[in-house]
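Across the two complexes that follow, subunit A remains constant while its partner is subunit B and subsequently subunit C.
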Partner chain A sequence: MADRRRINGPVGATTPPIFDKPAGPAAAKTRDAIRKIFLKTGITPSASGSAYLELENPNPQRPGNTSLKLSCTVHGPRSLPRSAPFSPHIILTTHVKYAPFATRQRRGYLRDSSERDLGVHLETALRGAIIADRWPKSGVDIISQKDDEGWDMMNVLSGCITVASAAIADAGIDCVDTVAGGVAALVCKDDKTAPTIVMDPVVAEHDSILAACCVAYLPTRDEITNMWFKGRLPGADMMVYDKLMEKSLVACRCANRVIVQELNETVKKGQGIS
Partner chain B sequence: MAQTIAIPGQLLGPSSKYVAGPGTHIHEANLYSSVLGTVTIAQPEKKIAPGPAKRLTKIAGLPSSSAQLPTISVSRTGISEKREVLPEVGNVVLCRVTRIQPRQATVAILVVGDTVLEAEWQGVIRPQDVRATEKDKVKIYESFRPGDIVRAQVISLGDQASYYLATASNDLGVIMATSEAGNVMYPVSWKEYRDPETGLNENRKVAKPF
Partner chain C sequence: MSSTSQHLLLSPAELAYLHGSLSLITPGPIRPDGRSPTQFRPLTAETGILPGTNGSARICFADGTEAVVGVKAEVEKTPVPPYEFVASTEGRKGHSSAPKKSSRKSKKTTTEDEEISMDVDEDDEEAAGVNEKARVSPDWVELSVEIPGLRDDDSGTVFLTSMLTEALLADGEFVKKLWINRRFHWKLYLDIILISPPLSYPLPLLSLTTHLALLATRLPRLKSEADEDPMFDDDWAAATFLYPRQDTTSAKASNKSPKQPSAAAAAAPASRPPITLLVMAVGDNIIFDPSKEELAVADSAVAVSVAEGPSSETEPESESIPATSTKRNLHLLSVRTIDPPSRLTPPGVPNSVNAAAWGTMTAATPTTTTAATAPANESGAAKHPDARVTETEDVVGVWKAPRGGAKFGMLGAMVAKVLERGGVAEEVLDGLEGVDLT
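== the complex of A and B ==
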């Protein structure tokens, strides 16, 4: 019997569309800037708050190299299920899900361990920003979905943090600050050259990534709510760890500026209608 | 007039100049916005010309200087019609009776103050909270019936599932009721509703009409 619960893809092989002319070459990404971010709030009418984020694709000519697309919905504050114990503060639940078509290898509908891991990181990052005791006895679900393929986990996480922050502000949940995510990485070309630190690394552009760092940061408070560090650092430079952190903080500040601008526009739009 | 826009984490001013209103929080003696919205500053109400000074009969705290400060708040009006509001202790709510048990009436809270809620929250009215007098003689089934619309006051956040509500006041109680025959009834006394068609009376904890 056919699986009627979900909409499955076609069974047979399909022919992908072929675009004969690639778009014009994008400006080369400089090392001290993050990719351009498109952010929009209020895209899902049924949710309390929602946001959509898209990262600029630095080299659109390459086949199968599309931009990072993330959508986030916030449901709540709403009443907790009957089985839940009394809670004097809001219960935060986060889910990160790759769309089945988001990666080369088709993903399942159930969350796997890497998605659950990203969800825990996202929850930690947001928990530090939300004023939880303003909403007793209620729960909020934050669901981030990655809609397109081809990027590594840290970039996805920093995008998830940024988009969730905008969606929470859109939902009207009390926060101490707009949290933003940023990534920095230590990359090297080959064994002879010294490794360099880049902000917002594009994995495909670098030959090898030695270490990477993803932080969630509250700019006005100057506080970090979540940090994820991965890789091996060369022992020669003691300060490289600090430098990597600082670079990712700069990336966070850049992302935060996008949030601030979009939220300002959201308010202006709301005033224009009313 | 374009109002000042506030985004979460935006500095609004020192806490020595303003009183924190809804949608703001205090961090290190400064006021910050905590929601996305527009800033409103409400000047404190001017005191009405004081009458002859009364003799102090009870020990009052020192007159606080904060009462004189303007209140700053961030409101979400205009951004979205959907306003998430939670019932708070002291709020007057409208609710529908969903279930009657000898020890409690279960209700669904529909309206808080003048805001219609997005989600339904469950509440409970216990017999000792139905009225202020003769509490031991209260019978839940003589006070409410399923389907009644009740005006009540939140007295506690309650347990995990429900808020605790009380109707122990003249203007709290059933405001809309249907009879067993299915007709809308009108109140005839503080404890009775009458069906206009059959003429039969039914017992309720009636709210005093305004």
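== the complex of A and C ==
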């Protein structure tokens, strides 16, 4: 009779699991492109437009180093409440929200000043792209949520711009172009080597970031709707600044290609069904 | 932004006129108040108005906007990160047999501990110096902006706050000034209050007032040494300026007591706090310090923060020539585009499509008789051929809120115009140098 009171070990011999060694950290190669972007529109059924964006994680082995995940929902265009004063344009409201678990230190439900600041940047970037006077007396709410942690403000902002642009297109709001965000930074390894400009910088990969620049760009119109530069440039000349801007524009173009491709796929899918 | 400059009552026709006169190329832009494109509004400034602060300033623009800034400093303990604590005790084991961990961690230190830690410190001062200086934190500065009529968590106010904070912290040089020793630092509270209602976008005013208040900020002279609990000189007259100034008139550079600058150029600080300037573009023209009406027709607006670093010349040279003629060493700290309120202005309707002006009739004048018999299911675009034109293109004299953004070259030109030698930033810094710092 089998012993049923205890949990016995297996009868036969077992082999302990052998875990494959993870590949060593990839050599810090200078990327000439931005990280891979996963973008998908139409993930939130209740919103009129939505999109989800995830960035490739360059070194997945490191603990606590997860990729950037952003989701964005667009509610509207919808009529303003009766009490609101007349507006000749669509009223754009943007919110950038960190999920409570999105940062190393848990964030509360209330938005803090950095989230509000990012919201203003996002609003500036999108307001230039949306053709606002086609919807008088209406409003639209754009809510970007950051779902995972470990990234600095500029990368989050550029991701927010890209994902919000895709969500707006998904909602069918008229835009002059799909706006895309891109970041470039002036980084240096140590004091001896000359600083270099990298596209789409991964903060963990670089020892010190001297200056960074985040740009929202309309590729077909060749116009910049939002620009945010901060840091300190060596010397007062404009050369480094201009190069930094150019690099971030290249990053924007790369991100825009992802948006266009995803939107094309969505359109094709819609045609296939109907 | 939108909320700080609302309630602008200009009709589309007025906006179109203003935009037209500001985008003139041949005589240059004609501004409503007759200023040149790079000219600032006249302002009155004074410092040291609040006796309870470490430094304060007030600036009043000619249009009636007025801001007060008070700077308060407090001594605060620097938290020691745990890994650093482990590293420092490991490093000390070679020097002293007993682990002297308490010297840095706890506030109560015996004199014996202090002595040992002192001489150990001197040994690894060279190595640790870099790390210690690097351990400054942007949290040491707290900035608050108050604008009447707006909540302090309004996004416009938050944007202003973060823009001013960013300019202060961008190069990391400012927080280094707040370092007392390894265990203590100054915590600086900057309270920026706009007294008047926001008649124009208040950014340049707030930035210039903050600049002056920081220039006038004095911290008590430190009497204690090294990592002791800080002790300060009671004598306020001996307090040192946060931005130390080199005296160019007298050669007593080593004298630490601050001087009352008799002439404007007498005491020029080696480096100066940042200033943030508002620049806007209309057409191909770049206009500085726009008023509210001008901002309402801006194609794009940019806030540029610059700071003056220590001048590149050596000491004796700068002593021989007066401070006003030394060339300034300007650094770009931050650039932000600002959502111009022009995007929220109501568009005008051209006569050709305006039914009230018989515009729809004039479009159909060649076939007035057939217009009545035109099929009713004709689409709107076909009925009003001009409607499509007004939707996509600009009609002269009819205001339309700008769409899209700014060209790359235009943004670059705006920043370059701020930074250029003899440019506006230098002019503003020169002007502010004339303010008597008490």
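Just so we're on the same page, the second predicted complex is superposed on the first by the 241 of 274 C-alpha atoms of A that agree within 3 Å, B and C clash if a C-alpha of one lies under 4 Å from a C-alpha of the other, contacts with A are read in each partner's own complex, and residues count from 1 in each chain.
Note that a contact is a pair of C-beta atoms (placed from the backbone, for glycine too) under 8 Å apart; a residue touches a chain by one contact, two chains touch by 3 or more.
Here the structure is a predicted model, which means the values were calculated and not measured.
> Taking the superposition as given, does A:V267 touch the first partner, subunit B, the second, subunit C, both, or neither?
It touches subunit B, and subunit C stays clear.
> Output check: A:R221 vs subunit B and subunit C. Expected answer is one of first, second, both, neither. What do you get?
Touch status of A:R221: both partners.
> Counting only touches as set out at the top, which of subunit B and subunit C does A:C72 meet: first, second, both, neither?
In the superposition, A:C72 contacts neither subunit B nor subunit C.
> Quick check for you: in the superposed arrangement, does A:L249 touch first (subunit B), second (subunit C), both or neither?
In the superposition, A:L249 touches subunit C alone.
> Now for A:S138: first (subunit B), second (subunit C), both, or neither, which partner does it touch?
first
> Check the residue A:R127 against both partner chains and state whether it touches subunit B (first), subunit C (second), both, or neither.
So A:R127 only meets subunit C here.
> Quick one: classify A:V176 as touching subunit B (first), subunit C (second), both or neither.
Both subunit B and subunit C are touched by A:V176.
> In the superposed arrangement, what residues of subunit A touch both subunit B and subunit C?
Common to the two interfaces on subunit A: residues 88, 129, 131, 176-177, 218, 221.
> Mind listing the subunit C positions that touch subunit A in their complex?
1, 153, 155-156, 158-159, 161-162, 166, 170-173, 302, 329-339, 343-347, 400-401, 403-408, 411-412, 415-416, 419
> Considering the complex alone, what residue numbers of subunit A touch subunit C?
Contact set of subunit A toward subunit C: 88-89, 113-114, 116-117, 119-121, 123-124, 127-129, 131-133, 176-177, 216-218, 221-233, 236, 238, 241-242, 245-246, 249.
> Can you check the complex and tell me which residues of subunit A touch subunit B?
Touch list, subunit A to subunit B: 42, 48, 76-80, 82, 84-88, 129, 131, 134-138, 169-178, 218-221, 259-260, 263-264, 266-268, 270-271, 273-274.
> For subunit B, which residues are in contact with subunit A within the complex?
Touch list, subunit B to subunit A: 2-3, 5, 7-11, 23, 25, 27, 32, 34-38, 76-80, 82-84, 86, 118-122, 157, 159-161, 163.
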